[in-house]
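Following are the structures in question.
Shared between the two complexes below is chain A, which pairs with chain B and chain C, respectively.
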Partner chain A sequence: MKSNLFFPVMLFILVLTAAFSMTLGKYPLTLNDIGGFFLFKIFGAGSMEPERYQLLRSLLIDIRLPRIIAAILIGASLAVAGTSFQAMFVNPLVSPSLLGVLAGASFGAALGMVFSKSWVAVQLLTFCFGFVAVLISVGIARMHKGNTILLLVLGGVISGALFTSLLSIIKYIADPFNQLPAIVQWLMGGLSFVDRKVLLTAGIPQLVSIVLITFFSGYLNALSMGDEEARALGIPVEKIRMFLIFLATLMSALTVVLAGIIGWVGLIIPHAARMIVGPDNKVLVPASAFIGAIYLVVVDDVSRMLFNVEIPIGITTSLIGIPFFAIILRKAKKGWN
Partner chain B sequence: MELKTLIKADRVSFAYSRKTVLNNISFTIAEGEVVTLLGPNGCGKSTLIKVMLGLLSPLSGRIIFNGENIAHMSPKYLAREIAYVPQIHKSSFPYTVMDVVLMGRIPHKTFFFSYSKNDMNIAVDALERLSILHLANRAYTEISGGERQLTLIARALAQGAKTFIMDEPASGLDYGNQLRLLDQIVKLSREGYTFIKSTHSPEHALWVADRAIMIKNGAVVADGACDNVISDENLFHLYNARVSVLKLNGSLRVCVPRTICGCMELTGSPQTNAFHDLAGIPEDKMKKNIKASHHGRISEKDESGVFSNKRPDG
Partner chain C sequence: MFDQKNTRIIAAIVVFIALSISVTTIAQALPVTDMAGRKVDLPDPVRKVYAPSPYGSYIMYSVDPSMLAGLNLPIKDEDKKYFPKEVRNLPVIGSIAGQGQSANIEVLLKAKPDLLIMWSANRSAINKKTEESLKRLNVPFVYAVAENLSDYPDVYLFLGKVLKREERTKKLSGYSRKTLEEIKGIVNRIPVERRPSVYYAEGVDGLSTECNDSIHVELLQLAGDKNVHRCHTSNHKGFEKVSLEQVILYKPDVIIAQDKVFFDKVFKDPAWQNVKAVKEKRVYLIPRHPFNWFDRPPSFMRILGLKWLANILYPGEYKIDMVKEARDFYRLFLGVELSRDEMKGVIYP
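Now for the complex of A and B:
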């Protein structure tokens, strides 16, 4: 595919997927209904009965649109965070959870659910502990001299294990009738948690991070050749890496704030994107963003529509991601040894 | 010789925690020189290279490039002056050769960047100079070791630096590719590039370098023109290996292990006539002899087979 056509095509597919997803739900709509509604709302074109307008408004603007926008942002964020981690840790097998951000955020959320009544507190704790976990990983890596990449990975293992254990403690002491189910459901992820106000606060930093990482993507190629080479190519490796880790952590922690833990997206989407556009991060990063966004919108549709009850999206992404990963392993391993 | 001093190592010392690796190393390198660092495994060659590239900060002393301490130069500025050509490696991601060469343009880019037409032209030009333009769209992970090494040199060219620092560039290359690598070094040095490379093969130094710096236990033990420095005694001192440095026709020299030389009675006298003879044998006769040794004795007594050249038609 011509690269100058690729992104317009991706954008078109994304818009199409989003529009189609708007039609899906307990109250089915057609693309015509949706088009008519938005024409009326934005341009005042055509006419619409006030009751129908109210119904469509609450369905589309209050329920479906935020959900789809959240899916787009989360899918893109996880995919971009995953792509940048894979390049900067010189390993196509790592995912955004490498430095413990998801473990930390899970613990923060559970902590909030058990000890606080306020949903805002839960979200704040989720976000903060995502960062705390990554800071611990980085701190452990900084304590020792040597191969920074390896130390960061080990720091991530330690930090992740720490917060997983702490999460177990919270689960153990949580009230098994109300709190525990809420925690468990949160850990399985779900876009039904999304609310509009949070979407606005979380969405902007996520978008900014995606754009910034796209700007830095030329450095990612050099970083993936190893620290020494990158530095010899004139890149202030430590500074850039810490900045990218900060952005990736910000994005990933916010996905948990929005919709709980959604696994596998950050691992498989970069692979899928690499198979389509090749390994050059300048193209790969934005391509991952689009493919991740489209993927999560579709998977959310599947989660909503497949059965009468909604399946937590974290389960769907895993069930789709695992076999996909097993299949692409064969193709992807070419570049590893 | 009134050559401009390019790099000066001024009493450089370095240690990993408590282990001293470089001990008070000083030397100067002139513009356009090809300098080889020789020394046994673990002598500090690689560390010295990293210090010269600014990847490691010396414990004491300084590296001065063009009159300026590299510790005070930004990585970006340094990268425009000095290019690092690492040992061949496999990338974890199958970048195209072009992508890899384009990385050399990073030091010329501003904070947020994409590659311009000019960068592309420079990269294509670099590939052309090394005659590997046909590889441009191949995956770096799928080309041969020799081709990867040439790609890394092309990247250094694209970087626009005039000084190349190479860490054992020949390691991992087969014999033919080693020779082609040396050819490229000779070619580029004639164009005015300065080379500092480490190697495990004194012959490579004899063939392409102007100068050799010998390092043992983190200190310079010999420094000078290759023909003077690479001697039987120095190589014995450096590697604890008994070697004869023999002079061929003209000024070319080769190293031959004494155990193999033994049968040629070369002891102590590097400039024996044996190799003058060898060099003087017409090519067809050489071939014949090689053939003979192929048919005949290729066992543990092979040494004598190799040197059957000594007795032409014998």
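Now for the complex of A and C:
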């Protein structure tokens, strides 16, 4: 899509989706309530009883808004991480979990839930083990000579398998009454875990990473032609790749810190974006960010509105993602070349 | 084919086997009907027992922990002070089928239990698979069945009979029965509309809960049945997710919290300030040492938990000194003497 209008339109849709999501919730609020609240809060217009104001503030600013912002950040992060991985590894079938970051982070979270008392420690462990897993993949790839991309993928398989089995050990020794259900819940993902403080801490590096990857998307185009060609263009392939892997790991690990494991977004959103804007990463990366953000906000709306109980968002994204992926599989190959 | 030496060895073995068979026959006696209606020949005496699931072990902690051949789950360091020394030093054998780490059948054989205590919350859910794998042990087993908390007095009497600890279990059974009747009497005197409504918060976000008919909230049912989340339990695991908006709408008078992470943040988190119970500062963290007073795992500790809950919900009608009650309970059921301060540390963590 060459039109200059594309990104403003995407931004508009995102804002519209977010605004619409603000009106959704189990607590019945009318548009008048919401409009009145914001008029009162921002312009001091109209009047409102303190009690009512407090309730609306809590519902809109403390409950719904952080959740929507988290959905935007997580959706965009996973989609951008997925896009850059797909370009870097010259393969449309990879997702951000390729180098083991999600497996490592899951293990870290479970480890913390079983052995630590403080939730901050759980979050730190989640984050750190996401990185440890990727470091192991990269380390394995560095140990051997040969096709770097292939070795990285194999390193990722090994590291992912390692942390998956370590996670099983933790599940096995966890207290089956309290800890195990908590771990299982966490692995299914859910935006109800998000709280504002963590959102601020995790959100900024995520935003910075998205911007940086967008900035470096020209290099992604070169990398997606293969290492030889990229080197021929005078690009320091290894350095750029490691830097991009670092950013993608940072973003992905933070999504787990925020909301547990949310699968499939990083795999299908880049495809959807590629179908719309084509394979040029300069456009594709920001487009993925927008589409991922919109997608996750909508899916989270479904998760919290469909039943009286919430469906873990990891389940919803998989259930939507799998058939979508099956359908576009044929097109994916075509779109790539 | 056999030389003399071999023949002698074989003869010795035959004699030995014959002797050991006759010894076991002498030791076997006492037919008993267990709580699942099965007729079992009990060995006599029963020295060591093993429970294939943690539930069975929990009740043994209160009946006579020195009879346990091993534990299903390791005792956490912080909880060791709530157990007598003989329990702390027991080896961890694991469990059969389900719940946590599985036992190695040979380790179990080595531990030589005389009897297995099978625990079943529900007669229909008797686990055939577990029975099959336990048959290899060739150790008799009895079922203790507790579908509800109100079955505990009978379970205690039954175990007392089987394990020859009748005097002790009579006390435990009596205490349980008295507590159940006492709370029932108090709750019945209070009209339904005056009973406070309760939200049961589970998970670090406090947004998992249980339907009112769930086995996980039996104490709420016994203490007035005013769980705000009224629905039919869809699965055994529970942990039903709800949204905070739903909780605000429920307007619970009291919140019973299962998770310390949640409890520590609930009064600070602005999002929770519009929940009625938080506004009125009526959020309570469930005591959890050495195991939970409310659920997860369901154990005899719930008998004390029922007193605790009734005291929170009806402080006017049910005036008790919670610290004293708890100390008495720990002394009677767990055989440990805690100071008032230690007990306070358990009740108000």
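Keep this in mind: the second predicted complex is superposed on the first by the 329 of 337 C-alpha atoms of A that agree within 3 Å, B and C clash if a C-alpha of one lies under 4 Å from a C-alpha of the other, contacts with A are read in each partner's own complex, and residues count from 1 in each chain.
Basically, contacts are C-beta pairs under 8 Å (C-beta built on N, C-alpha and C of every residue); 3 or more make two chains touch, one makes a residue touch a chain.
This is a predicted model, so every value here is computed, not measured.
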### Task
Evaluate whether chain B and chain C can sit on chain A together after superposition, giving fit or clash.
fit
### Task
Name the contact category of A:308: first (chain B only), second (chain C only), both, or neither.
second
### Task
Could you look at A:195 and tell me whether it touches chain B, chain C, both or neither (first, second, both, neither)?
second
### Message
Please compute the chain B to chain A to chain C angle from C-alpha centroids in the superposed arrangement, rounded to the nearest 10 degrees.
### Response
140
### Task
For A:117, decide between first (touching chain B), second (touching chain C), both and neither.
second
### Task
Tell me which partner A:215 touches in the superposition: chain B (first), chain C (second), both or neither.
first
### Task
Considering only the touch criterion stated at the top, classify A:59 as touching first (chain B), second (chain C), both, or neither.
second
### Task
Once the structures are superposed on A, label A:175 by its partner contacts, choosing first (chain B), second (chain C), both or neither.
second
### Task
Please work out whether A:279 is in contact with chain B alone, chain C alone, both, or neither, and reply first, second, both or neither.
first
### chain B versus chain C - smallest C-alpha distance in the overlay, whole Å
41
### Message
Considering only the contact definition stated at the top, list the common interface residues of chain A for chain B and chain C.
### Response
none
#### Entry: chain A residues touching chain C - in the complex, by the definition given at the top
25-27, 54-55, 57-59, 61-63, 117-119, 172-178, 181-182, 185, 190, 192-193, 195, 304, 308-312
### Message
Quick check on the complex: what are the chain C residues that touch chain A?
### Response
54, 73, 98-101, 203-205, 207-208, 231, 237-246, 248-249, 258, 260-261, 265, 269-271, 273-274, 292, 295-297
## Note on the structure
The residues of chain A that touch chain B in their complex are 87, 90-92, 145, 215-216, 218-219, 221-222, 224-226, 228-229, 231-236, 274, 278-280, 282, 334-337
### Task
Write out the stretch or stretches of chain B touching chain A in their complex.
17, 50, 53-55, 74-80, 82-84, 86, 89-96, 99-100, 103-104, 106-107, 109, 112-115, 139, 141-142, 159
